[in-house]
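What follows is a pair of complexes built around chain A, which joins chain B in one and chain C in the other.
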Partner chain A sequence: MLKWDELQKANFTDSNARARAYGLVDKGTFTEFVSPKDKLSSPHLPVLGEAIEFDDGIVTGVGLIGKRPIFVVSQEGKFIGGAVGEVGGAKMVKTIKLALRAYEDVKKEHPDSYEDRLPAVVISFETGGVRLHEANAGLLAHAEVMDQIQDARGKIPVITIIGSKVGCFGGMGFVAAATDVVIMSENGRLGLTGPEVIEQEIGKDEFDAGDKALVFRTTGGKHKYIMQDCNFLVADKIGAFKTQLDEVMKIPFNEIEGYRRIGSLKLVEEQLELVKKAVEIAPKDSKDMWKYFGNENPESLTNMSYDEFMKSVKRRERICK
Partner chain B sequence: MALNEMKFEFKAENPKSINKGWSHFGVVGSGDMEILMEKMDLNGSVQVKIVTPVTGFDNVWGMVMEKFIRSSNLGDVYIEINDNNATPVVVSMRLRQALADANKQEEEVDEDA
Partner chain C sequence: MEMEQTMIGRGRDAIDMIFDDSSVQENEIGNYQFDSEIGPGAVVGTAQLEGQAVTFIASDAQAINPRFNVVYFGIIGLEEAYKMALSVYHTIEADKDKPLEQKRAIVLIVDTPGNGPGKVEEIMGMNKSTGSYQLALAEARKAGHPIVAMVIGRAISGAFLCHGLQADHILSLAKNFGTMIHVMPITSISRITKIDIERLEELSKGNPVFAAGVDFFYKLGGVEEKVEKVEDMRSLIKKHIDEIRALKVAGNFEKLGPWGRGTLGDERGGRTSRKVVMKLMDAQYEAVAEKYLNA
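For the complex of A and B:
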């Protein structure tokens, strides 16, 4: 693997899950839980004649950002599309559980200054959701991860990172939406039903999954940033995500709740307002919404470089904050 | 339906083990594989275990592995490979990359994030 300094300059999209995990925390601080040497691979795949991986497609571990322990979950999209099965799901669940235990310990040992050492969970999503080969075990894993995220609420921040073209879809789309802060890059994609599935179920007239421009302006990072489905948009470098994480760690914990997009009556009302607006505007394309939110020339946004985009983009105004 | 498991053992001349205690390289993507190398006292030989969905190419695997081990004079290493339809060219390349990674000095490892 590349050294940490080189990792910071590496493209997030092209890096593997382990490189991302090492690069998202401070230099030399990452320790992996259940590494490949432990050879904890899926018990279900060999029966089906499917290839296995020693880490079951999920890298977990802990590192530091400043004094704060950062519990990292990093999914590998190249292994069965990042689909989450029993072992990988259990690794996710246990990592969040450990973060919660660290929270209790830190609070006990540093009752006056525990906010400086408050643990956080960072999940780098690269998945289409449930690993269908493992059906019920995969679904259960999703439910348990969701459960842990609810347990973490109000105690420690849970931060989503999406920076690859596999993106975050299916059941894990729900999980990502339930976290406190979402950081994406332009290459990241977020949604529930993936483009291919929509096309297959309803037809090409509804959604042409082969139209990459359409796919990206419907599910991609830029669109999610304008619509406030993601809080921060960063360049496609591991270092850019790391820098943004450093910034998020500086946000006082009582303000973290304000970054959520769902999860309270007020936020539900805000989402319903948006639905009303959608009926009123009746958009034919995401560009109609971009224009509505003040982007005079929405066509030009799609091809803009990251820096230009950030300078000129207008976003939806949040009601709650 | 079950996965195909192969085991090989080779002994090179003047065998030399790897620097790190263990080393992992690669991702089991489509047409790709991962390699786990562990330093182990095997009387100078190399033991290999390969797990793959592919059947009918055990001889090719044997030849590729033997060529790699003899040309790199590797010894006292236990190699485990999880494969997902990698071609022999990819296998040879990944093995060389994995070996380079496994031979980084321990100091370098510490510096590695």
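For the complex of A and C:
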């Protein structure tokens, strides 16, 4: 693996899950939990004659940003599309659980300065959700992750990172939406139903899964940024995500809830109003929503460089802040 | 085993079978009145179960949402999911000053094949809407409301995650009612994993981690109890509400919900790797905690 300084310059999209995990925290601070050395792989894949990985496609561990312990989950899309099974799911759940344990420990050991040392959870998603080879166990693990996310509310921030090729779909799409802060790159995609399934459901005339531009307009980072489903859009470098994470760590914890899009009665009411608006607008394409939010020439946004886009884009106004 | 008449598509019938006669007040929870036009595929409201008020949340397989053409036959669409989330938040609101002993129960009647799989849904963020419902249920569960999910028909994949898997306890009609609990049918798993159907079918006889069906979820701890007769739904839901309430009053929240089902899956021998992973992570954290807590 590249040295930390090199990792900062590396493309996030092309990097693997471990490189991302090391690069998202301060230099030389990452300790991996249940690493490949421990050889805890899926017991269910060999039964089906499938290859295993000794990390089950998920890198977990702890690092630091300043004095703050950062508990990291980083999914690897190159192993079965980053799909989550029993072992990988347990690693995710336990990482959040450990962050909550560290929260209690920090409060006990540093009662006067615990906010400076408040732990956080960072999840880099690269997954289509449940691993079909162990689908039932994977599904149950998803419910446990969501349960832990709710446990973390009001205690520690949980931050989503999406900048990978696979994106974040299926049951993990719920999980990402349910975290406090979402950081994406243009290459990241976030949704529930993958493009092939939509095409199958509503027909190729309505949605052509082979149309890359359409796929990115529907669930890609730029669209999610306009919709306020992603809080921060960054360039496709590990270092860009890291710099943004450093900034998020400076947000006073009592303001973190204000970055959420769901998770309270008021936020759900705001989202339901947005759905009513969608019924009025009846968008045939994401561009119809971009236009509604004040982007006069939505087509031009799709090809803009990151810097140009950030200068020109108009986003949905949030009601709850 | 004799086949029984299926309850698939009969969410409204189940409401009538489970709750006290003429006690169902649809679209009313606490002081809140729902707009009956919004989210017709979701049926929510207040009813009595043996004289106690409960919130119910079900799917109406007969309803068609005129505004979203992928929402029919029990599919949870954007409006439906937010309506379900609202019903949970208004339940929390209605009892916010009451002690644990008096927090009303929430009964989920589960018969849904999926989340809305459309283009508008993705543009607006379907993941957000059903995600919001899951968070709301988790919040209500942790606030002390006993939540029981009763699977009467289809509990499929992401829809079951949203409407069921955040409950304290999950009950399911036994498989002779045609109950379906799975992520994908074996034919689809075969197509995607490129493993022969014959091989998958052979393996599925003894392997609960991917095979479809109530019995396998039971073995994994994903279903607390199977219900053999429709007439028993009412009394068993009441029994579980009482058990859950007692555990919450005693502070035993960790025995309930997704975490409790993790423990149950290990006890039933269906999910044994989970605990091994978690135990090792505890030890590895303890070995380095000092450094990270006092950086």
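Criterion: the second predicted complex is superposed on the first by the 319 of 321 C-alpha atoms of A that agree within 3 Å, B and C clash if a C-alpha of one lies under 4 Å from a C-alpha of the other, contacts with A are read in each partner's own complex, and residues count from 1 in each chain.
By definition in this document, a residue touches a chain if its C-beta (ideal position, glycine included) is under 8 Å from a C-beta of that chain, and two chains touch if they have at least 3 such contacts.
Keep in mind the model is a prediction, meaning the values are calculated, not measured.
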Chain A as common anchor, with chain B and chain C clashing or fitting: fit
More chain A residues in contact [chain B versus chain C]: C
Contacts of A:22 with chain B and chain C, given as first, second, both or neither: first
First, second, both or neither for A:48, with chain B first and chain C second: both
Partner chain in contact with A:37 - chain B first, chain C second, else both or neither: first
Which of chain B and chain C A:79 touches, first, second, both or neither: first
First (chain B), second (chain C), both or neither touched by A:191: second
Contacts of A:7 with chain B and chain C, given as first, second, both or neither: first
Contacts of A:271 with chain B and chain C, given as first, second, both or neither: second
Superposed arrangement (fit on chain A Cα atoms) - minimum chain B/chain C Cα distance in Å: 8
Set intersection of chain A contacts, chain C complex versus chain B complex: 47-50
Chain C residues within the chain A interface of the complex: 38, 67, 69-70, 78-79, 82-83, 85-86, 89-90, 93, 115, 117-132, 134-136, 138-139, 142, 157-158, 160-162, 165-166, 182-184, 189, 192-193, 195, 199-200, 203, 207-211, 216-217, 220-222, 257-259, 261-262, 265, 270-271, 273-278, 280-282, 284-285, 288-289, 292-295
Residue ranges of chain A touching chain C (in the complex, touch as defined): 31, 33-34, 38, 40, 42-44, 47-50, 60, 62, 64, 66-69, 86-87, 89-91, 93-95, 97-98, 101-102, 105-106, 109-110, 117, 129-130, 132-144, 146-147, 149-151, 153, 170-171, 173-178, 190-193, 197-198, 201-202, 206-207, 218-219, 223-224, 227, 229, 261-265, 267-269, 271-272, 274-275, 278-279, 282-283, 285-286, 289
Residues of chain B that touch chain A when the two form their complex: 1-3, 22, 24, 27-30, 32, 34, 36, 38, 51-53, 80, 82-85, 101, 108, 110-113
Chain A - residues contacting chain B, complex: 1, 3-4, 7, 16-17, 22-23, 25, 27-30, 35-37, 39, 41, 45-54, 76, 78-79
